[in-house]
Each structure stands twice: as C-alpha cells, then as structure tokens.
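First subunit A sits with subunit B, and in the next complex the same chain sits with subunit C.
For the complex of A and B:
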C-alpha cells in the first residue's frame, strides 16, 4: 500500500490471471455481476405475489424505473429499447457496486471495458438512426435555421460532437470509478502511514479513517448515479436517433 | 528543474480546472434550491435533473483528475 513513503494508488487496478488461465479477475467479476442480476430478477419475480415481498419489490422497482426512463426519454418507441437499456444499467450498476466491497475488483474502472460498452452504444444508435431514417439520417449533422454560410463551420462541429460521445461517455464512467477507488486507497494509506508514525498521530489517523468510511458511502451514491447517468444518456442518444433532433 | 518536481507542478496546474467545476456545481444547486422554493411540488422531477447535471459537471472534474494522474503516474 505505502511503499517507500509514496502512495502506490494505481496498482489496485492491475489485472491478474485467475487459475493460470487467460481469464482475469475482471472477467470473474463480470460473471458474478451477471449471476447476481439474474438471481435478483429470477428469485425476485418467482413468487409473482400481488403484494410483493422485499426482493420482488426491488426487482419491480428496478424494472419500472428503467422502463419509465426509456418511455419518458425516447417516447413510445422506447419500449423496443428497454431490454437493452435494462441490461446495460444492471451490468454497470452491479459492476460499480461490487467494486465497493473489499478485495473485489471493479471492472468498470478499466477504460477498455467502458469504451467497449460505449462503442456498442454509439454503434447501435447509428445503426438505429440509419435503419429508421435511411440517408435522411445525415441531416442530423445539419443544424436547422442556420445561414448557409455558417454550415461549413457547423457541420464538422456537429460531426465531432457526435463522435466525442465515445470519449465523454466512456471516460465519465471510468474516471468516476477509478478516482473513487484511488481516493479510498490514498486515505487508507494515510491511516497506515500516520498510525505507524507514532501515538500522537493516531488522532489524525482516526480522522482519515472516518473520511474513508464517509467515502465508501459516497462511493455507493456514485456507483448508482453513474449507472443511472450512463443509462439515461443512452436513452437520450437513442431519442436523437429515433426522432432526429 | 528535475522531472519529478515538474510532474508535481504540472499535476497541480491540471487540477485548476476544478475551480470551474466548483462554480458549475454551485450554479446547479443554486438553481435547484430556488426552483424548489418557488414550486415545492416540482421537487421530485427537478431533483432528478439536478442530479443528472451534477453528474455531468462532476465528470469534468474527473477528467482533470485523470489528466493529473496521467501526468503523475504514467
């Protein structure tokens, strides 16, 4: 943790092969997240009770929240995209939440994972737009009500902003998760360093331990929030694809 | 100037961007407070929007943080 007086904050993200296979702890956590999502929905919905129990309420609440997000943002067509957004939301949510547990790995803290998700989202949005509108889709890059002389300037900007979704969406999720875990690591290292420095430093060590506890609560908030933000931005992009502006 | 101190100074400069983020988050919650004060019934709906705006602004802070980390560690 604290090697030679400096804080090694980034080594926690190192991938290690599991059981000597070509399979890292990141992949293991993805499978765990998938199994947990499936377990929550399957076990939660098995009773099919009129008055839902705790697990069934959780499953129904998640379903209704994401369905509301889809239909309110995209419109009535949003139902078609609901399974996709639901899957995306739960994959990211469980990835973020599992990372808060000690010794668990956060796969969303790797840009490779988030960029792959984002490439899939932006690719799907483009395919949907082309399937619905055909070549008319290209009018998306031409802002309406703009003098023709400005178009050579504005069209490249529109294209760039369309492509920059790839970076903003992926870096937002990755940076949030990585920065949160680095902060936890830094304050954890403070506790160890101050605790080792002598009895007088135990009070500031306790203070940074308290900060770490508060940060874990904050991480729970950020984990849920970022999954929500990723899902809602996917919905907004899909709205643009379905309605063109 | 040796490389290590130049890196430390560069990382410090990179997080100046946080001042803008602070102003932005302040604006978002100022708008949230005033709109809830005007119309308390709209709280549910406006709160979701504010949280979305907060997350998008906070992401800018994290871009700066990532740049600082890249300068420091990579």
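For the complex of A and C:
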C-alpha cells in the first residue's frame, strides 16, 4: 500500500498467475461469481416450494427481475435472450460485488474483460439484426424523415454511434469500478500514512476512514447500478436489433 | 455517475493516479505486454460459456418450472373457487325460488279456503233467509186466516146479540134483513169485516 511514501493504488489491479499457469486470480473470482450465481438458483430452488422460503424467494426474484427486464425492454422476443442477459447480469453483478471485499480481485475493473463482454454483446446484436432483417438491417443507419442531402453526413454518424457502443459500454463499467477501487485504496493509504505521521494527524486520518466507510456503501450502489446499466443497455440494443428503430 | 460531494475526491484521485502510475509503470489493465491480461479474457470466456450453459440448461428451467407450476396451481384454484361460487349461487337461487313457490302455493290455498268458506256462509245465509221468509209468510197467512174467521164470527155474534137484544126489548123477532143491513153498515163504518 504505502510503499516509500507514495500511494500505490494500482497494484491491486495487477494480475498474478495462480497454480503456476496463465490462470489468474481474476479467473478465480469469475469462477466464484459463477458458482455463486449457479448456487443461488440451484440451492434456492431445491425445496421447489409452492410458498417460497428466503433463498427461493431470492432466486425467483432474480429470475423474474431479469425476465421482466428482457420482456419489457425487448418485447415478447426477449424470452429468447433471457438466459444470456441473466448470465451477463449476474456475471457482472457478482464480479462487482465481490470486488468490494478487501483483498478480492475485481475482474470488471479490467478493460480487457469489459471490452470482451461488450464485443460479444455488440456482435450478438449485429448477428441477431442480420438474421432477422437480412440486408434490410443496413436501413438502421439511415434515419427516417431526413432530407436526402443530409444522409451522407448522418449515415457515417449513425455508424459511428453504433460502433461507439463498444467504447461507451465497456469503458463505463471499467472506469466506474476502477475509480471506486482507486479511491478506496487512496483513502485507505491516507488512513495508514496519517495515522503513522503523528497524533496531530489522527483527526484527518479519522476523516479519511469515515470517507472510506461511505465509499464502501457507495461502491455497493455503483456495483449494482453498473451491472443493471450494462444489462439494460444490452436489452435496449437487442430491442433495436429485433425491431430496427 | 459520481454525486457532487464526491467530485473533489475523484479529482484528488485523478491527481494522485498519474504519480502512482509512474511509480508502477502504468495501469496493469493496459499492460498488454503481460500475457495474463489477455489470458484472463480467454479463461473468462470459457467460464462465461460454461456458466451460460449451466444456467440456461439446468438452473433457469428449474426456476421457470416452479414459477409455472405455481401460476398453474393459482389459476386452477381460482377456477375451482369460481365454479364453487357458481354452484352456491345456483343453490341460493333454487332456495329462493322454492321459497317463493311455496309462499305462492300457500297464499293460493288460503284464498281458496277463504272463498269456499265465504261461499258456504253465503249459501247458508240464503237458505236461512228463505226459511225465515217462508215462516213469515206462513205466519202472515195464518194471521190473515185467523183474522178472517174472527171477522166472520164477529158478524154472527153481532147479529145474534142484536137479534136477542131487539127480541127482549120489543118482544118481537127482528127483521132479519134490516138487522143484517144495519150490522153490515156498522161494521163498514168501523172498517171491520
């Protein structure tokens, strides 16, 4: 943390091999997130009760929330994408939430991971659009009710905005997670450095600690919100692909 | 995404970041020279696909089955309740109909009995009246007969009495024709006979 007087806020993102392979702690956390997601549903639904208990209620609520997200945003066709959106949402949600625990690695704070997810989402959206609409899909880039003279200007903008989803979706998640974790690290280091600097600095150290407590709560909000944003934007893009405009 | 109060903190972090980055030689996330940066993506893709298959084949259908079963059960229960309500409504209507029918029958029976009683009473009254009328007439006839016989007797008595009186007074038998005439006139003036 506080090495030689400077704050090392970034080494928490450093990948370390586990088991001596190219398998990293990032992938370990992915497996933990996957096990938690699967476990929530599998153990939650084991009673198969007519009147659900707590864990079963949680599992059913997770199912119905994501299903509602799909069918309300995409339409009746959304049921086909429900398993994918569910996997995506909980993969990101548990990745974000696990990262709030001290010493746990946050794989959603890696642009490579969020970009890979985004590339898959945009690729899926494009494939779905082409399979449903064929070449008519290209009309998506032609805004309706616009004079023809403006089209040479607007079509490239539309294509650009379509491609910029790759950046906006991946960077939004990555930057939110990274910024939160950097701030936690910085204020944590403040507490240690100020606390060690002398009694006089204990007041600002206490303030830093209070900020960190607030930040943890804030991080929980951001973790959930960003997972939701990622999933709902995926649904909106899929809606565009299914319905074109 | 950050609220306003946290903006200074974010700025502080951004100021501190480059220093930290210099110290460590850049963000580990952008260190693509490190093979681990991309290998986590390949492993991640594998984990994601396995998770997708497990969820879509095993876990999610399990939840869906239970939810469907519950929805079916609730719908069936509602249907049963609806049917039971229909049956109870029909039974209540039947009871109300039966009551109304019984009441109407009872009313009709009462009316019939009342009518019959009235008719009988009227018949009896008529018979009684008839009998009384007849008795009255008989009585009147008897009175009339008695009166007539009495009147006839009166004339005889008056004639005899007058004849006797005249015979005693005069010593001669009365002129029967004159006597009859005088008696008749006297009776006529008294409106008797």
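Assorted remarks:
Everything below uses one rule, namely that the second predicted complex is superposed on the first by the 245 of 245 C-alpha atoms of A that agree within 3 Å, B and C clash if a C-alpha of one lies under 4 Å from a C-alpha of the other, contacts with A are read in each partner's own complex, and residues count from 1 in each chain.
Heads up, the rule we're going with is that contacts are C-beta pairs under 8 Å (C-beta built on N, C-alpha and C of every residue); 3 or more make two chains touch, one makes a residue touch a chain.
What you see is a predicted model, and the numbers here were worked out from it, not measured in a lab.
When the shared chain is aligned, no partner comes close enough to touch A:128: not subunit B, not subunit C. Within the superposed three-chain model, A:168 lies in touch with subunit B and out of touch with subunit C [touch as defined at top]. In the superposition on chain A, contact of A:59 is made with subunit C only, not with subunit B.
Applying the stated contact rule after C-alpha superposition, one finds that A:86 touches subunit C and leaves subunit B untouched. Applying the stated contact rule after C-alpha superposition, one finds that A:100 touches neither subunit B nor subunit C.
Once the two complexes are overlaid on the shared chain, A:238 sits clear of subunit B and of subunit C alike.
Shared-chain residue A:186: touches subunit C; no touch with subunit B. After overlaying the two complexes on the shared chain, residue contacts for A:178 are found with subunit B and with subunit C alike.
Between subunit B and subunit C, C touches the greater number of residues of subunit A.
Once both structures are placed on chain A, subunit A residues 9-10, 172, 176, 178-179, 182, 225-226 are touched by subunit B and, in the other complex, by subunit C. Interface residues of subunit A, counted against subunit B in their complex, comprise 9-10, 168, 171-172, 175-176, 178-179, 182, 225-226, 228-229, 232. Those residues of subunit B whose C-beta lies close enough to touch subunit A in the complex are 51-52, 55-56, 58-59, 62-63, 65-66, 69, 73. Residues 6-11, 13-17, 22-24, 26-27, 30-31, 34, 37-38, 41-42, 44-45, 48-50, 56, 59-60, 63-64, 82-84, 86-87, 91, 107, 109-113, 116-117, 172, 174, 176, 178-179, 182-183, 186-187, 211, 218, 222, 225-226 of subunit A are the ones touching subunit C in the complex.
Against subunit A, in their complex, subunit C makes its touches with residues 1-2, 6, 9-10, 12-13, 16-17, 19-21, 23-24, 27-30, 32, 34-41, 43-45, 47-48, 50-52, 54-56, 58-60, 62-64, 66-67, 69-70, 73.
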